[in-house]
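The block underneath contains the structure these notes are about, expressed in structure tokens.
Letters A, B and C name the chains as they come in the text, with residue numbers starting at 1 for each one.
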Amino acid sequence: MSLEVVSNLLPPIIMGFLLGGLYSVIGFGLSLVFGVMRMVNLAHGSFVIFGSYFAWVLLTTVGLDPLLSLVIILPISFGIGFGLQRSLLNRLYRLGVEPPLLTTYGIAIILASAYLLIFTPYSRGLVTSYSIRSAGFGALTFPLIFILDFIAALITMIFLYILLNKTYVGLAIRCATQDPQAAKLVGMNINHIYALTFGLAITFASLGGVFLGLTYPFIPASSFTYLIIAFGVVVVGGLGSMLGTFIGGIVLGLAQTLGYHFFGIGYQLFITYLVILVMLVIRPQGILGVKR
Amino acid sequence: MSKKIRATKFLLPLICLIALIILPLSGIPWYYFHVLFIFFTYLILAEMWNLLAGYCGLISLGQPAFIGLAGYMLAISLYYGLSLPLSLLVSYLTVVAFAIVISVPVFRLRGFYFVIGTWMIPEVIRLWFNNWRPTGEVLIGVGGGAGFRVFAGLTPQTLYYIALVAGFVTIVLKRYILTSKLGVGLMAIRDDERAAESCGINVLRCKFYVFVIAALLTGVAGTIFYLFQGHIEPTNAFSIYWTNIMLIAVILGGIGTEAGPIIGAAIVVILEQLLAAYGELSQIILGVLLIVIIVTMPRGILGTIYKVQIHKTLLKKLAATS
Amino acid sequence: MSERPLLKLDQVSVYYGDLCAVRDITLEVRKGEIVSLIGANGAGKSTILNTIMGLTHPKTGSIEFDGRRIERLETHDIIPLGLALVPEGRRIFPELSVLENLLAGSYTRRARQNKQQMLKRVFELFPILEERKNQLASTLSGGEQQMLAIGRALMTDPKMILFDEISLGLSPIITLKIYETIKKIRSEGVTVLLVEQNVRQSLAVADRAYVLKAGRIVLSGGTKDLRDEEEVRKAYFGA
């Protein structure tokens, strides 16, 4: 392989890696909810885009920089997740597996339709001074935003690791994942833990959405794109381990950027989806997952 | 069954059928036939989704794949000059073949993976059709859209009758399935899958048959709809809008009940017409309705009525014996 | 000195849907006692323990612990009052280490304050747990897991511990050792209610016992009186 070909591939590979970090953040949200509450949150992607649109509104109305707007968006997202779980989803678990699933589907439709109604199908993007800058040198240049994406992802993962392994709240979440009854018997308030977990998941989703909005343009239907990507991250990397989710994110990030590099913008998502489907067929438990 | 009940069981649907057949002769404005046309289309979709999710526990969010695929194969076949019956045949064969092929990996997925996995299928196909240009440059519409040839003889009335026949056939087919050996298996699976398996019912085979039949009839509904609409494009053909309709109709009417989809489809059609002026708001309202139904009446209208009936019967029996 | 009992059940009936699991259960456990609840499989023993702990709620009747009515409370509000359960099947957290399992036990605010003390106490009772403290709980043997489950319950700093079928699946030697530990726990001031199918073992260690049959209490008394196993056997099999 000539040096030129290799150096041509370097930018998309680096970008894919960096983007992958962000993808694993939205993957965490989905796998947390599934691990703790055994529930599939079909509205996850809609909440990712919630972060994007929220930041867009703040940017275009009061000129608030998206990074700064996180201070507002994240707590509100947490509150919404917490409240939604507490008020609505909690009473559905005893009805079986389908009701919570179908309810999140309903929420997904409501949000996606609301976005369509309020923001129209035209694509939006979070455009700031730094979101259009490039980084790197010579032939190795790529948009600066990808580095910011990765930094955000890194901070989030460190936060999650510390939370899960060094705090009592995290211990409670892990106990609730492994054996909710036994968790109750040591005095853990399961409803409270569920609400915290869901709030956390939605917070991760919006965080991802803000950074994704800085990286790529988005439309209401992007809700479903990011649901599938979050799902794909979990499928490729495997459920239940942070490292697995991180790897899953990297793989899909690479699939997207390399897909764009080789096949063009029309096919980048197609290639990404294809990778997910192939993984589903040959090894559904993921790279680091255990066969259940 | 007493003669009286037998009479009502067959007489009522028969009267409805005759009424629907002679309706076009009564001079009612076309608008109502349009609504009935949509009703039959939704009815087929709902019946099939009920078989999948209500009886087999397969919550497939990927049905739009078959709608879009059938629609597109129809458009392409017609474009290349095939006659209408032949084009329809091509569409249906494609859909069945696709369902058989895709069932292999799909049935290996469980729970979480099955739900989103099936959701992915129409998404992937849509992306493919966004880029694919099977009919060369002759395309109308945005990215991958295609227009149909306009047909002489395919009047609105003809379309109405086609939809009516398809809907009627679907109901008869469903009845036939449910009273056949497959149907007994399905009801056992619906009530308790593991118990059914241990009774010797080949659960996988039952699900497979239902999956393929549902794919076929969903495709039929798709072709009917696109014949009527006259043009097709990827975003609409594979949209979750179709899944919304099936889901809400079935949940509303009563998942796992026999007549639930009919009632559900009727309500959805009426609601859609009433809310048509409100655009996206109608989808929001449907979403809210879905959640409200799940929280208050998770068994749907018919499901709740049956439950109340069973309760009343039980109480009566208890009162009689004590 | 007629002190009120630490735990008192009065005419408790528990239903699963329309099915009656246990009916009109009246029993009491006084402070410092070891009381045994024996009965065949399906007699309702676990149901009673689960109901005391708030995992299910009785349809009728009252449960009083340390002077407070607890039958309507949720489990996470009952634990801080000083009740703990070592559940059937151990139910340790498989993907946590031994130490993490124990720390999970001191989740409640009250227990967290005495964490180090409690940990020391658990390691004294079960030195093998200290040896294996960084090992994954799922790699422990059956007997060690049982010890871990008991240790975790102790970490909640309880006034009273309920034991549900702890000898299940364990060798007689380990079972003996565990019963020795229960006596030791009692001598440290913790009251014990234990549920067992193994009649001989539980009668050997308990002060009093209740016999449960088909959801009802059919016999009760001091273990010396019940040691006449003929009576107990009769109650079991209705011969």
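Here, a residue touches a chain if its C-beta (ideal position, glycine included) is under 8 Å from a C-beta of that chain, and two chains touch if they have at least 3 such contacts.
None of these values were measured; they are calculated from a predicted model.
Chemist: Could you split the other chains into touching-connected groups, assuming chain A is not there?
Modeler: Without chain A in the graph, we get B | C.
Chemist: Taking each chain's centre as the mean of its CA atoms, which one is farthest from the centre of chain A?
Modeler: C
Chemist: State which chain is most central when centres are taken as means of Cα atoms.
Modeler: Chain nearest the centroid of all protein C-alpha atoms: A.
Chemist: On a C-alpha centroid basis, what's the spacing between chain A and chain B, in Å?
Modeler: 32
Chemist: Using mean C-alpha positions as chain centres, tell me how far chain A is from chain C in Å, no decimals.
Modeler: A distance of 44 Å separates the two centres.
Chemist: Using Cα averages as centroids, what's the distance between chain B and chain C in whole Å?
Modeler: Once rounded, the distance between the two centres reads 54 Å.
Chemist: Which of the residues in chain B come into contact with chain A in the complex?
Modeler: Per the stated touch rule, the residues are 53, 59, 61, 105, 108-109, 111-113, 115-117, 119-120, 123-124, 127-128, 130-131, 235, 240, 244, 247, 251, 255, 279-281, 283-284, 286-288, 290-291, 294-295, 298.
Chemist: Please output the residues of chain A touching chain C within their complex, sorted ascending.
Modeler: Residue list for chain A touching chain C: 168, 171-172, 174-175, 178-179, 181-190.
Chemist: Quick one: in the complex, what on chain A touches chain B?
Modeler: Against chain B, chain A makes touches at 34, 40, 42, 88, 91-92, 95, 97-99, 101-103, 105-110, 113-114, 116-117, 221, 224-225, 227-228, 231, 235, 266-267, 269-270, 273-274, 276-277, 280-281, 284.
Chemist: With touch defined as at the start, can you tell me which chain C residues reach chain A in the complex?
Modeler: Checking each residue of chain C against chain A gives 53-55, 74-76, 79-80, 84-85, 87, 91-96, 100, 103-105, 107-108, 111-112, 152-153, 155-156.
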